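Each chain carries a letter (A, B, C, D and E) given by its place in the written order, and its residues are counted from 1.
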């Protein structure tokens, strides 16, 4: 990786109280280590993506932030508060919410119950009606059991429900996976809308093209570490080379 | 032999009063690669579940190779040669990748009720299983437990296992979802190769793949067929553009 | 006189009343069991043991501290519930996320320890707990003399079931509990204190069992094994109602109490297996149970 | 003295095994109390017999016939046990009787009621000492019938024990011209008896015979009191232990009729034993525990009399020596192994009549040994019929 | 099987062969009980450990075989081989019925159905006239096996039981390590996937039930011949609980782990019976400890410990090797 040092993982210095700052993050599944010292930061109102191959550790990074991995070590600061050792329900109260890779829809709850389940942790969240404006497809399915919705419907539900909580830092794990182009567009628009509303977003994305349309900045995760980072302009300028490398 | 390997008439599935699939008629040509596309919730996965009897149709008939299979059980349909993969990867987690594939080969050879012979008779399937792994590019992971594979690798394994059954018809539910670009390319080629001598029906959102390898495309929306034909004709169909592709799609 | 299969209608009505009394116990017990299974995903084989503890503690409170029925009906469930909370913190917590079969086995072991402990300490024969003064005597219902205490049991059980059902199905509490069951990690990551929720649920379910025990103390002899056969019947009832269906469990409990009571009249030998017979039939015809949601 | 024992006492020690229920439903009726009673006998005898030490060991048969049989066989084969006492639980007693017959070792049954011990599986080495099903049926049954109780309803535990007892009492009742109006079967350890009580009430029978014991009888009697049955009908408990009366309490139990072989407060001698027992165990002995003591004494005396512990010689001695102690007056062991002694019908006192803890029973009548136990000419024991074994 | 475990097995076998000649050390009847229960537990584990099915009604198979075998020997006066075959056949048939009914559901439901069915079987044996309810069927003659082996001879009996138990265990081993066993493993791992591969899963489960029940029946038949008593306890659900505990304690992921569990639990009951009620408490505590701390069971934990030791030693070997070449 010849130019990794040239683009050290601090392309933009975080403000004193960045919404998210991670240093030296390590994580394990049983005996096997998945993260080896991840360091990254996300500034207020920024939309940052994690790119990388399958198994690189992107999901693990997001899960570690909200305390959903079995064992983790290192420093995670959310709004300046050290959460590395907190149980995950306390982490949520610092204003972070996740939309997990498998969407995490509850089968035993109706779509509506799914939507209103996460407790409000801060003011300024969207109301249910506002969410339904954002994702009109959900309106007719509210009474169905959550997992009886189709994949796309579930994805919208998963994003929608964390908007109610008032969390300002959103972690989205592959929000476009398995979605029809029209829905990808819809979700892309929704995410752009969220960004406009001032949410801070850290997103895992396989679809580099999609990422390039909405993100400010990118980190590349490789084998449990941050391999490089660049801003979106760099990505666009050098799209073919970078996206080719990501899947090599 | 009929020209159509699968013929579906009036296939309907209701969940309560919600119609997930409503009166679908569909014929799949023998030897073709057939794409089933459509917005989320259109009923694609449900169709697959109905074809393989993981769900029971509310009404309608399904003919496979001219035979009415509407009343058959899921395992016997698989044995007839109509095999599916799952949208959410399904592998035997505690078994190695190689054993996963061997299990498919074992069924094909039909020695599976033998509780009196040694397991070692199965060793002769090893070589072939390894080849299948190699063809999806995960030969180097053969001895890892399938549960320890990453998402993408697991999908590859699932496809290898399905191919090992050498089915007449393969139903693939979003085979490339969650894969990196390189893997997507490999899997696309693999499907293309595998389609020689058999029929593939796949649900896929990656339209690049659809246009590249699929002969026929059926577009499903709200449980009904919106359009059918080859990709070029479907892609310009107004209703499809509106319901699925979204305006301004390249 | 009207007779049904040779049994006078009047006598039958009386038997149905008694069936309802028994059903009331089944209802409260299966309610607790269903809650624990539905939410903590533990098949609480120790439910019968907690029932016994409820009765025994009522007895011990009276013997040792002179605390009577009305004190015991609040204290005993509290004490046993607290015991349940300790058990949950020490043991059950460690098997969450594993196959529910481990919960079954763990609590099966607890039964042996708890019942064995009481047997070693207090012997195996029954102790008598006298009916509280205010509830002694019998009421003339026209077709039978019904001990007032048994009428009280019916009323109390119905009140308990309605309250619990309301708390679980009609408040957002219920959704939280179900969510915590299904995806504990994620639910916790949303900011819900799942561990606490589980603990309280288990404690609550156990307290319900103990409450049933206190209700039973005056009409059964209080002995270490009083819950051991009961538990598998209550299990069967919960399965008939549909595991995880809270209101289903309570209704089925009442219903089967009556069915069992009638069996005692027509073919008393079969009264021990009628519940199992029904369960086998129900599961084959309606796999998810009478009130259960079809899964999958 | 030690030399005395040489060759005359097998293994130079007399080992008595108490095989009983230490943990199950009969553990309060037998269990530790039984073991303690046998120990007391061994001590009172002086700790040695013919110069050989007396040793008492015990084991839990878990109320399982197979466990009991295996334990007995192991005791006889490798532990050198000379006699097994107590054997509460009929299944266990029958199984051990068969083993003992094979092994030619002694058993004394005190806890179980099955009359098979002195019939089908009888042997020169088996003695049925305290009571049996026949004596219970005839004791209570006959007394009640004589008293004019001619219509019966049975509440019976759905086990061989209960059904057998019901059959015997039925015979007694019908012989006396009475009538059985119905019966209900309840499972072992039933929790609720109210339904049966209603059936009993509806039957209109004068007498409700309770053919079950222990916790079930306790529950049944309580339910009867709760439903006011005792106002118009009389309960007859066919096997009620002193411990059960203690459990029920005099409020609910008063007026009950029951048959027992012995009661701690029946006379001076009995009281003396009972008080010593109470010191050690913490509860009053019941008839079976008293019989554990008495029968062990008898066995030891027989060894002394025979001058050896050879089973055949001891068997003869036990059958030839009369038994006169606090348990039995002029008792004797019949050919078939039945220990013949008087039985007594008791009535449970009212709370006012009771003079203190454990003072529960007052005598109603004495049933002479010959009436209490099945006549020898009805025995199917091969020792009596002379049939080949 | 590695050389070491082969030696271990041979050693154990030699010790077992010595038992009848030293009854003071281990009482042969006790050893035979352990064998029966060991076979029972291993047979049970075909379902629990290898197919992922918890049956809570296995006593029904064990006990029915005991009763039917006893019936043949006592009431009909037939020879022990007929008794054993009848017991195994009855248990297998019952297993097929249980399987057909219970495998329509899974998990806890399945466990409850088997429990319910076994209660019905219990009821049947409680009521049949020749079972003598709680007294049990007693004094069952042992008879002469195949017309030559007089089972009343303790040593002969012992070796017959030993050989039949070993044969049963060998069959369990073969079933688990056969192509059929492989399918069972797949069903345990991911049932829908096994179906989609074309395996008629229901039939496999029923066959697994039948085999497991048949072998449990062999254990039950042997038990009745050894003890000459068939009792309600043999068909009671607490027996089903015991066999689960033995399996769990021994280790359900190994083929012969349950043998260890059976030996330990039987010993506990046998040697500590003087403790009365405390034994139950101890058994319960072991149950709890098993579930909490060593779910792999004794054998599973030992294997795991050995495996880590082996991997560290082999790592060391490698290091030594490189050192030597340097």
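In this text, a residue touches a chain if its C-beta (ideal position, glycine included) is under 8 Å from a C-beta of that chain, and two chains touch if they have at least 3 such contacts.
Chain by chain, the UniProt names read as follows: A, B = ABC transporter ATP-binding protein; C, E = Branched-chain amino acid ABC transporter permease.
The structure displayed is predicted, hence computed values, not measured ones.
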Query raised in the report: Counting one step per pair of touching chains, how few steps separate chain A from chain E?
Result: 2
Requested in this report: State which chains count as neighbours of chain A and simultaneously of chain C.
Outcome: none
Report summary line: Chain-centre distance (mean CA atoms) for chain A and chain D, in whole Å, is 78
Query raised in the report: Roughly how many whole angstrom separate the Cα centroids of chain B and chain C?
Result: 48
**Report entry** Averaged-CA centre spacing for the pair chain D and chain C, given as whole angstrom
**Finding:** 37
Report summary line: chain A to chain B, mean C-alpha position gap in Å, rounds to 30
Query raised in the report: Counting only residues that touch at least 2 other chains, which ones in chain D make the list?
Result: 23, 27, 158
Query raised in the report: Residues of chain A that touch two or more other chains: which are they?
Result: none
Query raised in the report: Residue numbers in chain C touching 2 or more other chains?
Result: 116, 119, 269, 272
Report summary line: Pairwise, the chains that touch are A-B, A-C, B-E, C-D, C-E, D-E
Query raised in the report: What residues on chain A touch chain B, complex-wise?
Result: 32, 53-55, 101-102, 137, 144, 148-153, 155, 174, 177-183, 185-186, 206, 208, 243-244, 246-248
Report task. Write out the stretch or stretches of chain D touching chain C in their complex. Result -> 23-29, 158, 184-187, 189, 191-192, 194-196, 198-199, 202, 214-215, 218-219, 222-223, 226-228, 243-244, 247-249, 251-252
Query raised in the report: Mind pulling up the chain C residues that touch chain A in the complex?
Result: 172, 175-176, 178-179, 181-183, 185-195
Report task. Report the residues of chain A in contact with chain C in the complex, numbered from low to high. Result -> 66-68, 87-89, 91-93, 97-98, 100, 104, 106-109, 113, 116-119, 121, 162, 165
Report summary line: As the complex stands, chain E meets chain D at residues 23-24, 27, 29-30, 33, 126, 132-136, 138-139, 223, 227-229, 231, 233-234, 269, 273-274, 276-277, 279-280
